[in-house]
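First chain A sits with chain B, and in the next complex the same chain sits with chain C.
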Partner chain A sequence: MKKTLTPASGLLLLTLLFVWWWNSRLPKAVELTPTLTGQAEYCLTCHADVPEISPSHPTATFGCVTCHGGERLALDADLAHSTMRGGANPSDLSVVEQSCGGTSCHSGSEADDRHHIQRVMTSIQSTYAGAIANIRYTFGAQTDLNAYSGITTLTDEQTQTGIASLAAFKAAGDDHPFIQKFGENCLTCHINATPLEDENYTRHTGCAACHSTAQHTFATAIPYTQCNTCHNRGNYDLRTMTFVERTDQPTKRIDDYYQPIAQFTQCEYTLDCVDCHTRTEVMGNGDIHANKKDIQYTQCKTCHGTPTEQPLTKKLTDPNDIAFTLSFLNPVGDLKLGDMILITEKGEPLWNTRVLSDGTYELFGKATSQYFTFNPVMGSGCTQSGDDQSSAYCHECHAVER
Partner chain B sequence: MRPSFFHHLHPPTIPAAQARWRHTLAAGGIAIFLMLILGVTGILEMFYYVPNPEEAALSVQAITYHVPFGGFIRNLHYWAAQLLLIVSAIHLLRVVFTAAYGQPRQFNYLLGLGLFVLAILLDFTGYILRWDMDICWPLTTGTNLLKTIPLIGDFLFRITVGGGEACSTALLRFYTWHIFGLTIIVFILGFWHAFRVRRDGGIAVPPPQLRVVSARISRNELVRREALAIFVVGIILILMASLLPAPIAPAMTGKPGITEEARAPWFFLWVQQMLKWGDPFIFGVLIPLGVLILLVLIPYIFPKPADSDIGRWFPKSNRFAQIVVGGIGLIVITLTLLSFVP
Partner chain C sequence: MSELSRRDFLKLARDGFLYLSGALALGGLLRFLDHDPNPAAKTEFDLGPASNYPLNSRTILSDPPAVLLHTESGFSAFSLVCTHLGCSLGNDSVGFSCLCHGSRFDADGTVTHGPADKPLRYLRVEVMDEGNLKLFTA
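And then the complex of A and B:
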């Protein structure tokens, strides 16, 4: 027995050495205590190479868990990731309130302009109300073009200008087969939907559908390519009620538009979508709208005016003007107190424009920082009626042939 | 050489035939060793564990991932606890299968059975202390089973869990039961059990005139064998604790809810399987209690084993007790395996 004990104790010692060696192989935990939460988290142990998402969300302030959730102390990948919100995308609309919400963040009051989530949830980008109403009307499921259904059930009893409620769209068994096919094939564009599997459709859902333009990046400088992941990837074939992906790979910007018969003026294929279209148009205003035309209002005249009227302008005299906030978030140009900028008919600042001393205008591309100058219509010799200002009228003279 | 205190805890000599590994299976000694491991690792965990619903699961994560060797200590505690249940069951089976429970050891058999039940309760309370998502179902179901007991159910629920819902009070109650209430009873019964082994004449053997082998081994040899068992079990435990992490799940947010996979800890899977069949009081309380009562009555209702059969494997004279206990074991194992069938 004595002879057995010696090797046994040696073996025990060896096992202990093994444990020590095994433990020394584990990666050294990297701690981060964000100032916002004051709670240590260890995500950086494995994710040190992830870039900071945006200057507005510094890692040292927000950390990772504030947005992503997850088990902040766990060093085991499965456990650490098990309670993450929305998988890799905490801005998915199913979890956006927990991830991005809060009165000081993105679900605050309208007065503070912090009701982003409320706006996005009710916007046509997420309700898809117009498309659904059109299809249901076309195939006899409803007798008018009013919006009754959206992607999810929504109510807004306080609404002044919008719709009070939308029911969740669900193609019923007695619906026209095309409505059912629409339900199966055509609901991949609204921002709660997972996009089609193709690198050209690559986008996230929720806020990140538009704002995440590269890996772990959040920006308000949104290039047209981001919009194209939904708006330029093909078309719906109403004869088969299927989505037909475009097969070409255009290399010239002017060819990148999918509507083969559409006409475009230079600014439409030179600028980015966000250079003209405002936050309210894209993200909604907090009311439920029936379709695109109820919320989209920017026209050529918004910047150029008409033969009889100059575009609306505003002199920036308040340092707290929202224009400065927007300019701060996407610093192109050099907006200063006292500058005269263009504004829309609803008073939204076109903060990347400026009225020059000679009566012309300048514009900085929000996504490209490119510098442009442009003229007012008034005094140009244009005779187009001030009442007929939709783009089709302007295209008559100013479209570029392709 | 005068015996040391440690040697002195052992009888001067014991019968060689009954001291063999294949007779004792070293189960009783290993159980004591595992309890010592549990005590030491448990105390170390207490330095970091926070028995408060908001912080409990996080403190378990902190122990597991950030305290130096914390994960190893926690894994040791976990695996020692699981092995203790297995070793205790083996010890019980050995005692029945070698007819070692008869007069004068009936009372010590009861003490041992009490320790086995306490080990199960300690394992369950320890499991609940994780306070993570995986403990929701066992906590809710286990404590609600108490309520199904007529007349005293609510009272039992209140003293074990606390008033109202199984939430904040439950954690503190389970903590206190785990580290103090149950542990102190285990200490008392454990010492009593060991004392009674000596008082009842040491390991069960036939009377001197009926012994086939009269050889005995010294306490020095016995201690050496114990040391070897400790080394072997120690190595196994250390390897398990290094390579097999103890279960852990995301922290609970809010009150316990039954949203995660509803699975009891492995030693209660047989009860969970029966709960699928109907009335929770019958299948969750009466039948397990019936099994325990049957085990308690073994030394009293079955024929006394023949003197010459004491300390022999599978003797004829207590065949009936062997069949009953073996049958219970097989049924428990079968029910446990059945619980994995979807």
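And then the complex of A and C:
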């Protein structure tokens, strides 16, 4: 017995030394206590190199768990990730309310302009209602072009101006084989759909589909290339109900732009989509709409006016004007109290524009910060009727062919 | 000095191994017991001698972010954490502004621009027996 004591004690020491050494090799736990929650979390132990997602969501304030969920005290990766919301994307529409919602965040009141989630959920980018209605009508599954189905079931009983409800579209329930093929092949556009596999289509789902332009980055400065991941990828072939990918590899910006249009005015291909199209047009207004024409209203005259009318403008006299908030989030210009800016027919501020003292206008590119100046139509030689605003009319004189 | 016998050597080695093992085990145990994986946020801050903050002074503190005021009526403080979502506030010529969402507060902590809708939170300050100031954030 005594003979084995010495080797046994040596073995015990070796074992303990090994355990100590093994433990010392493990990453040192990095604790963060975000000011918003006041609760410790250890995500930075492994994720210290993840860039801060945006100036509006600093890690020191929000931490990781507020948005991503997960087990905040776990140091084992599997356990820590076991209760995360939406995998790596908490803005996926299936979990967005838990991740990004809350009255102080993105599901507050319409009066506070904090109903972002409600707007996105009911927007045509999410429901795809118009496309579904058109296909079902075309192949005889419904007798008019009204929208009855969307990607998911949706109701809006309070609406005065939109569609009250949509049923979930079940392609398999329709008899026509083309509708079934549409369901199988053509539902990759709405923002909660998994995108097609190609680097040109790379985007996330939910809010991040538009706002995340790089890894762990959220921005309102959205370049046209982000819009391209859905809007310029190719075309759906209605004869075969399949998606036909673009095969060209454009090298010039004008060729890389929105494919269905063949002609562009200079501003259409020089600016980014978000320089003209407002957040209400893109994210919706909280009502369920079916088609682009129901919610898209920016036209050439929004910025340029017509031969007989100047574009709508507004003087910024209220420091709480939403224009300042939007400008704060993407400070491409230096918007000040007293500035005169352009607004849409719905009163939305085009906060990256300003009326200059000589009656012309300036614009800062939201994604590029590029500086542009432009003129009103009034006083020019243009004889275009102000009511004719479809692209064909302005393109008649101002288009650049490609 | 007599030579160490083999038996004594083994005994010495065994005792050494056991003592070292015990020390390692005890160290590990103490380290384990000392570790609090879910520590409560610190809510009391020693600001040092009250004499460091003269009458009518206004001192911006960094930890915790707060403004310490010394007036005729004594010491008081308010937090420099935004009441909207808890972001840090920057100091400018007219007051304080939130670096995350643009809320603004005047020099007294009153909201002048949303999205925050509550004034900055007043914090309790006490002069301790030894003459130091203690700031309480909860």
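Please note the rule applied: the second predicted complex is superposed on the first by the 395 of 402 C-alpha atoms of A that agree within 3 Å, B and C clash if a C-alpha of one lies under 4 Å from a C-alpha of the other, contacts with A are read in each partner's own complex, and residues count from 1 in each chain.
Here is the rule we use: contacts are C-beta pairs under 8 Å (C-beta built on N, C-alpha and C of every residue); 3 or more make two chains touch, one makes a residue touch a chain.
Everything numeric in this text was worked out from a predicted model, so none of it was measured.
Is A:Ser104 touching the first partner chain B, the second partner chain C, both, or neither of them?
Second partner only, chain C.
First (chain B), second (chain C), both or neither: which does A:Glu71 touch?
In the superposition, A:Glu71 touches chain B alone.
When both complexes are superposed, which of chain B and chain C contacts more residues belonging to chain A?
Touching more of chain A: C.
Figure out whether A:Ala262 sits in contact with chain B (first) or chain C (second), or with both, or with neither.
neither
Let me test your reading of the model: by the given contact rule, A:Ser82 touches which partner, first (chain B), second (chain C), both or neither?
In the superposition, A:Ser82 touches chain B alone.
In the superposed arrangement, which partner chain does A:Ser9 touch: chain B (first), chain C (second), both, or neither?
The answer is both, since A:Ser9 touches chain B and chain C.
Look at A:Ala392 in the shared chain and tell me whether it touches chain B only, chain C only, both, or neither; answer first, second, both or neither.
Neither partner.
For A:Leu145, using the defined touch cut-off, is the partner it touches chain B, chain C, both, or neither? Pick first, second, both or neither.
In the superposition, A:Leu145 contacts neither chain B nor chain C.
For A:Val244, select first, second, both or neither according to whether it touches chain B, chain C, the two together, or no partner.
Touch status of A:Val244: no partner.
A:Ala167 contacts which: chain B (first), chain C (second), both, neither?
neither
Shared contact residues on chain A, chain B side and chain C side combined as an intersection?
5, 9, 12, 16, 19, 29, 42, 73
Which chain C residues qualify as touching chain A in the complex?
10-11, 13-14, 17-18, 20-21, 24-25, 28, 37-39, 41, 81, 84-88, 99-102, 112-115
List the residues on chain A that touch chain C in their complex, please.
Those residues of chain A that touch chain C are 5-6, 9-10, 12-13, 16-17, 19-20, 29, 31, 33-36, 38-40, 42, 55-58, 60-62, 73, 104-105, 112, 114, 319-320, 324-325, 328-329.
Where on chain A is chain B touching in the complex?
It comes out as residues 1-2, 4-5, 8-9, 11-12, 15-16, 18-19, 22-23, 29, 42, 71, 73-76, 79, 82-83.
Along chain B, where are the residues that touch chain A in the complex?
So the residues of chain B touching chain A come out as 58, 61-62, 64-66, 69, 72, 221, 224-225, 227-228, 231-232, 234-235, 238-239, 241-243, 245, 248-251.
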